[in-house]
Every structure is written in C-alpha cells, then in structure tokens.
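Have a look at these structures, which come just after this line.
One chain, subunit A, links the two complexes that follow: it is found with subunit B in the first and with subunit C in the second.
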Partner chain A sequence: MIKQTALFIPGNQPKMHISADVFGADCLIFDLEDSVAIHQKDSARLLVKEMIQAFDLSYTEVIVRINPVDSSFYQDDLKEMLQARPDALMIPKATKAVIEKVEADLKHYNDIYPNETLKLYIIIETAMGVETALETCLASKRIIGVLLGGEDLCTDMKVTPTKQRIELQYPRSKIAMTAAACNIMAWDTPFVDIDDHDGFKEDALMAKALGFGGKVCIHPNQIDIVKEVFAISEKQLKEAQEIIEAYELAQQQGLGAFSYRGKMIDKPILERAQQIVAASSKE
Partner chain B sequence: MDPKVINSFKPYQGTVDVIKGGRFECDKNKGHHDKVIDDLNKALDQLPLCDGMTLSFHHHLRDGDHVLNMIMTNIAQRGYKNITLVVSSLFPVHAPLIDMIKQQIVTKIYAAYIAKEIGIVISQGYLRDGCIMHTHGYRATMLIQKEVIIDIAFLAAPSTDQAGNATGSEGITSCGVLGYAIADAQMAKHVVLISDTIQDVRKPEIRAEWVDMVIKVDAIGDPKGIVSGTTTITKDPVGLLIAKRTADFVEAAGLLKDGFSFQTGAGGISLALVQEIYKRCQTQHIKGSFASGGTTKFLVDMLEKGYLKNIYDVQCFDLDAVRSVKNNPAHIKISAQEYADITYKDNIVCKLDFVVLGATEIDTSYNVNVTTGSDGIIMGGSGGHADTAYGAKMTIIVSKLVSSRLSVIVDQITTITTPKETVDVLITERGIAIHPRHQELIDHLKATTSLPIMDIKTLYDIAIKMTGIPNKIKHTDKVVGVSLYSDGTLLDTIHQIKED
Partner chain C sequence: MDINKPSQAGTLESNDVYVQLLPNPNGNIEIKLKSIVYKQFKDQILQVANQTLKDLQITSCVLIMDDQGALDHTIKARIESAVKRSL
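Now for the complex of A and B:
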C-alpha cells in the first residue's frame, strides 16, 4: 500500500472525524496528544474509539497517536485503543526504552486484547531521539514507519524554526537514512503554515529529495500537494520502463553490461528502475 | 364625412392640468412634479390606509433594511390590522414582524424567502391566513398578471429625484439593483418611494410616472447589512472539496466551454466554485457569455478580467457588485420579470447552461427542499431556486452529505420547493448522483473520469449508515403555508410543527 500521505485529525473534533476519509489520505492519524487539550483527553479517547469501531475505514490505514508513555493518559489510551483495534499506534517521543515499554505493555494486554497484528509508528522528536534513531527503529518488529517531529525537536534543541528549515537538515537526512537502513516508511515533519501552499510544496520536494516516502499533513488542503510531489512522473516511469526493456534485451543477447542513452547501466540503477515501475503499478 | 363618425368624438373641453372629459384621463403633472414629503407621518396620513390592505416591500437592502420595519411599525401604531404583506424576502432584521403576526396586524404573507427568525412563528401557526411561498419569477408573474393586487407598494429607493425617478446605484445606502421592485412599481395602485438621498438620477430603474409619493427619511438602511450572509469563500475543507468536485464535473460534462452561461448562489461553497471555474477559464482560455443572479465580487472579477461577456444582475450580494453594476456597462441590471418570469419570453433563466444550487433536503427522486429545515420550520424559500432549475440545461445541487449528524438525502421530503423533473445532479463530498434520465452522461463519466458517480440511493445508504435513521418531524394537520411553483401551481403544503 502506498503511504505517501497521512492526515492528522484531532481526537476531540467529531465534525472532522466524520469527513476524515473523504480527502484521499493514505493514512488517518487520530490524535490524542498535542492537538487535544488536557481537560478533553478522556472525551477524545472515547470519541476516537467510537469512531474507529463505528465507521468502515477499511480502505485507509487507521493510526492513533497516543499520549507519551510517561504521561498519566498513556495507560487509558492504550487500553481503549486496544479495544478499538486501529491498524497502528503512533508513539511520540520514541526512544528504545519507550518502545520496549510499549512492547511489554502490549504483550501484557495480549490475552485480554489480542494485538499481535498491531503495528507501530514512532515519532523522533528530540535531539537524543535523532542520535539514537537506529536503535529505536530496531527496537520492535512492529515498527513500520518513523515520523520526524520537527517542532518538538526545535524546542528540544532550543532553536527557532526557520522558513528554509536549515535547523532540520541534519535530522531529516538522519531519519530518512535510518528508515532506509531499517526498511521502514519515513514521513517528513508537518508544515504548520497551512495557507502557504507554495512553501509547503517546496518543503515536500526537499523531503522527497532527502529520501522520505511521504509527508504528514495537518490540513486536508495539503494532501493533493503531497500526492503531486511524490507521484512518479510520466517521464520517470517511461525512462524506468525503457531501462528495464534495455536490460531484458541485453539479457537475451547474453550481454552482462548494457548502456541506455549513452550511459552504462549498473545494478543499482536497474533496481531503482524496477522499484519505480513497481511503485507506479500500486498508485 | 359620415355624421356618425363626427359625433363619435367628444367635444373639446379646454386644456387644464387634469383632463377627465375626454377618452382618456390625463394629468400632465403626474410623473413630473415634486412628490417629496419629508415627514413620514404626514405622508402616511395622505395614503388610503385601511384594515385588510395589501402592502408590498422589496428586499434589496437585505439584512440592512430599515424601511419595512419603519413603515409597518407606524401602520401598527395607527391600529390597522389584517394586513397582507407581499414581500420579495424577509430577513432577520424584520423580526419586529413577529409580534405583528402574533397580534394579527399582519395576517398573510407572500414571500420568496423567509428567514428562520420569522419562519418559526409561521410554522408555529401564528400567521392567521398563512404564507404563500413562491419563487422570485412567479412573484413578477402574479403582480404583472394581476393575480395579486398591491394597494400600496413601499419601495426603498437608495436615490431618487423629486419626481420619483429612482435607482439603486446611487445614494448613501446604494444596493446596486432594484430588480425585485420593478413589478411592484409598475402594478401597485399606489407607489411610495422611501429614500434618504434626493438628487438627480441619470438612469432610473423606477420611473417617475409609476410613482405617487416620495418620503424623505434620514436613513433607509445600513449599507453593511446589504452584504449577503456569506460573501467569503469557505475555508471548510469539505466545502472546498465539494466545490472542486463540482468544477471537475462541470468540466467533464462538457459544460465549461466558450460562451457558457451559469449561475450559482452566494454561499461559501458556491463562491469557492466560482473561483475554481475562474481558474479553469484562465488556464484553458475559456470565455463565458454571462453569469446571472445574485452577484458577488467573484463574478465581478471574472467580468472585469474578460472571462465573462456580461453579468445579468437582479440583486447585488456585496458592495463590489454594487460598484460594478453602477460603473460597468457590461454588468446589466434586470428586473425579476426579465430574470425569472417563465411566462416572459426573453427571460434569463432559460438561457443558462448550468446552475448550482443548495438544498436542505433532497429525496431519492431528486425533489429538493430549501423552504423548511430538518426541524420542519420555515427557514428559507425558493428565491430563484425553482426558476433557475426549470430554465437551466443542467441543475446541480451541491451539499454536504452529512451535516449536523443529519443526511441531506431523505426518503421523504418535508417540503418540495423544486420538483424532481428539473433537478439533474447531486454533488457531495462522498459521491455524485446523476438522475437516470442522463444515462449517457453517467456512462461517459464513469468511462472517462475517476469521479465517484453512484446511485442516489447508494449515497443515501452511506449517509444513513453514519447517522442512523432520524426521527420523523412531528407536525399537526393544520396547513400554515403553501409552496408554489414557478407557474403558480401548488407544489406542496407546509404544516404547523407540533411542539412538545
């Protein structure tokens, strides 16, 4: 399944819940954490649980961002969401220790709330989290994706976010690289200026160039922009198909190395072409 | 010469200001003399007020109108009762009518639109002789065909000269157009203009020869209130999605081409749609022939940038439209008759390629309700809804499928405002339903686009799965109003709501 777009939906906004799935996001992230005020945490939890249980969201991936494991809301979040049975939980402020705790709790609840198929997405949003991203990503086999939490990271680093996102250059590269090393999905950090569509597109293009597979959206208007940026262009697809055809022809002729438009094509380039064709067929 | 022929002519009586002895009664001063009275009470003293009279008002000042309240308060203080109001529309500002209805000062209302604040008391059964909900076009028909006779038309006139040549385009409280006042001015027994600006008028919409009296007041209304309820593009992502999907449909159905003509409402989704259409005209170099309605800044932008040849305007929804209709000869004022009277041969609605309208309810047969809400209370009215649906080649209804936990699609409609025969498409955030009479279009769109085309019953099922089946609206057997079609025939009755 293509997972380029993930839309955050505040857990305490039922009006947003009932139309969450019409915007074409690949994943929906129902949020119990930062977008929900403290005095509404319990009602958000119940609303999200009811939403997941009542509505058919089978054509999208349903994720719930629960509160941090060291918060007073974590245990209730976990228990209620295990009953709701989303496709995945999103764990904020993830570190190896945090994931190990979550794993232990999931195992503890498995007899009452079977959860062996439950997946995890993690959010790396501290400086230490960035530096230890590899061991965090490897901490559980449930982890299928990692999100960079840029705003919290800036707070942790005590820097002011810039429009050009200079402060995130290293963390972005690190997270994209780590995700590739662990063969999991990498989503780029949210872009908070929801009215700046041009700026968002530039940001998404940077994310793509760095190796992210998609970008988290905090407003439905951002979804189509991400899809446009991350889509495989016709030109890319045509070129990939031609490389594969040239390879197959070379194989028929018993040739090992072959060229395409004057360039020698080696194994990585061929594999990249095959990935593009495979990804295109899923779009 | 045959003496009989000579004797058939009445002898000359001499020339006086008023000639009554000849074949025609003539008054050479009518239409030309100073008709201004600057004291409201003195003016009303001179009018043939009586119990049971029929009075008319227009709604071009919208929620900024002061005139109706000013006149009716004075009439009520004089003790008159059983008055019939023939108003083009009623807005929340007209709330003083509520007590007048309860006290039977006003006992019958003809209107194309009634705001909920007043609709409630009618739905509760207080309006003794009921309300006749009609279309904008039929209002013109019934006045011009004398099906309803107005005793006195009280017409707010933003600018008038002393003789009664009036326009909506000038004055402190300029509202742009007086399209809904023309039939009143032409046909009422007595025509009274109320104005706060007496000055020369270059291009009158109301002609002095129709006018009997001009009352000068300090203010006829609040210019800010003229601005329609919603004149900003919606920011609601669902609304934006519906607008974009509607533009996709219009384009895929082949309706967006050189010379196209259209009308939309003034709600947030409609404005977003106009912007989408505008963008596509820009990128595809398409120029429309005209837009009509209810006009806003967004249509004015299209006109001024050359993407429309004309706007035909029967009322202005915002001050940019007011400015444009005054200054731009391509922005043309029309009367309600020219706009939507379906008996008028050159009406605008029958030239529309497509119209985009809203709905409070639509049933699975495509009947549409914009008169009563989900609680059965009168909260709107056809306006030009049924007229444009009749005339346009394609009628598109846009609405959220589910709003406030209720489905817009119902199995049984509360009040029919616009009949199914004239409705073609429903576009929601979850799908597009096209009437089966357009099977070719359905097949074409399914084969060539990724638009979510589905049966209206499927959309209904999707909605009900989310909302559950709502309780039925409780009402009594008492009929408190009727919903008339563009030709004056009875579409539906409106019943008194049953209150717990």
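Now for the complex of A and C:
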C-alpha cells in the first residue's frame, strides 16, 4: 500500500471526520492529542471510537494518535481504541521504554480486546528520542512507521524553528536513516504554514531527498502537493526501465558489468531501478 | 440508572450536536430536541437517542439536544459522553 500522505484529523470535530474520505489521503490519523482541548479528551475518544465503528474506512489506513503514555488520558484512550479497532495507533514522544509499556498493556488487554494485528506508528519528537531512535524503532515488531515531530523537538531543544528548517537537518537525516535500517516507513514532520504552498513543496522535496517515504499533512490542501513531490516521474520511470533492459541484454551476452549512457551500472543502481519500476506499478 | 448531576457534551458546530443531561424528578426519560433537520430526521434522531440511553442503562433523565446535522454515531458519542460526565 502506498503511504505517502497521512492527514491529521482533529478527534473532536465531527464535520472533519465525515468529509475525510474526499481528500484522498493514503492514511487518516484521528488525533486525540494536540488538537483536542484537555476538557474534551473524554468526548473526543468516544467520538473517534464511534466514527471508526460506524464507517467503512477500508479505502484508507486508519490510525489514531493517542495521548502520551505518561498522561492521565492514556489508559482510557487505549481501552476505547482497542474497542474501535483502528489499523494502527500512533504513539507520541516515543522511546524504547514507552513502546515497551504500550506492548505490555496491549498484551494485558489482548484477552478482552484481541489486538495481535494492531500496528504502531511512533513519533520521535524529543532530543533523546532522536538520539535513541534505533532502539525505539526496534522495540516492537508492531512498529511499521516513524514520524518526526519537528515542532515538539524544537521546543525540547529550545530553538526557534527556521523557515529553512536548519535545526532539523540532523534529526531528519537520522530518522530517515533509522527507518531505512529498520525497514519501516518514515514520514517527515508537518509543515505548519498551511498557506505557504511553495514553502511546503520545497520542504517536501527536501524530505524526499533525505529518504522519507512521505509527509504528514495537517491540512487537506497539502495532500496533492505531497503526492506530486513523491510521485515517480515519467523520466525516472523511463530511465529505470532502460537500465533494466540494458541489464537483461548484458545478461544475455554473458556480461557482468555494463554501461548505460556512459555510466557503469552496478548492483545498487540496478536494484534502485527495480524498486522504481515496482513502486510505479503500485501507484 | 439515574443521572446524578447535570452535564453536557458536544458543540454547536456543523454536523455536531450539543447535548445537556439533567436529572428528572419525574423518574422517566424526557427528550427535548431542536434540530436543523427536524422535519426530515426527528424520528431517526429520537430513536438513536433513546437506544443510546437504553444501552447505557439510563432510566431517568432530561435530555436536551440542539442538533446541527449530526450523524447517528455523533449523536451516540455525545450522549455517551454526557452520561459519563454526569455519573
């Protein structure tokens, strides 16, 4: 399944829930955390639970961002969402210890609320989280994706976010690399200036260049931009197909190494071409 | 189960319903409904409200609903939220 776009939807706003399907996001993240006021946390989780149970959401991946494990809302969020049965939970402020706690709780509830197929996405959004990202991503086999939480990270680092995102250069590289090492999805941090479409596109291009597989959106008008940026271009696909054809011809001629347009093609380049063709067939 | 204290849930935003729950000295369930789609969906809304209260084992209350076109699942969620807040 292609997961380039994931749209955050505030958990306590019914009008956003019922129009979620028209936006075309690959994944929907129903949010019980930052977009919900403290005195509405109880109401939001019930609304999200009822919504997931009432609607056919099989066209997308349904994810719920619950409240942090050390918050007073976590246990109730977990119990209600285990009844709702989304495809995945998104765990904020993730560390190895946090994921181990979630795993233990899921195991504890499994007899009452079977949850063996429930997946996890984690949000790395603290300095310690960035530095220990590898052990966190490996903490559970349920983890299928990691999101960089840039705004919270800047707060933790006590830096002011810049338009060029200089402060996120290292964290972004680290998270993309960690995700690749663990063979899980990497989503880049949200871009909060929802009216700056050019800035958002530049940001998404940077994320793609660093190795992220997609980007989280906080407004529907960001979705098409992400799809455009992360789509495989016709030129890329044509080049990949030609490299594979050149390889097959070289094989027939009994040649090990071969060249394509003056460049020597070795195994990594060939594999990359094969990945592009495979990914294109899924789009 | 009776309602012990007043509570409310929901908002007056589009596709939501604002519900208020009050103890009922008469000992039965009384629903007061105002809706932007009253003519078309009054019966459906009341049916969902009554069923939700029944599922939550509420036998006595005054339920005041100001509906802005909420779907069934929203009505159910908001009533459940108000009930839990009133206990």
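We take it that the second predicted complex is superposed on the first by the 283 of 283 C-alpha atoms of A that agree within 3 Å, B and C clash if a C-alpha of one lies under 4 Å from a C-alpha of the other, contacts with A are read in each partner's own complex, and residues count from 1 in each chain.
As a working rule, contacts are C-beta pairs under 8 Å (C-beta built on N, C-alpha and C of every residue); 3 or more make two chains touch, one makes a residue touch a chain.
As the structure is a prediction and not an experimental result, all values here were calculated from the model.
Contacts of A:43 after superposition on the shared chain: subunit C is touched, whereas subunit B is not.
Counting the residues of subunit A that each partner touches, subunit B and subunit C differ, and the larger count belongs to C.
Once the two complexes are overlaid on the shared chain, A:22 sits against subunit B while remaining clear of subunit C.
Applying the stated contact rule after C-alpha superposition, one finds that A:53 touches subunit C and leaves subunit B untouched.
When the two complexes are overlaid on their common chain A, residue A:221 makes contact with subunit B while staying clear of subunit C.
Look at A:13: by the touch rule set out above, it reaches subunit C but stays clear of subunit B.
With the contact threshold set out at the top, residues 18, 55 of subunit A are in contact with subunit B in one structure and with subunit C in the other.
Considering their complex, residues 18-19, 22-23, 55-56, 219-221 of subunit A touch subunit B. Subunit A makes touch with subunit C in their complex at residues 13-15, 18, 42-43, 46-47, 49-51, 53-55.
Note for the complex: subunit B touches subunit A at residues 237-238, 240-241, 400, 402, 429-430, 465-466.
Of all residues in subunit C, only 9-10, 13-16, 70-74, 76-78, 80-81, 84-85 touch subunit A in the complex they form.
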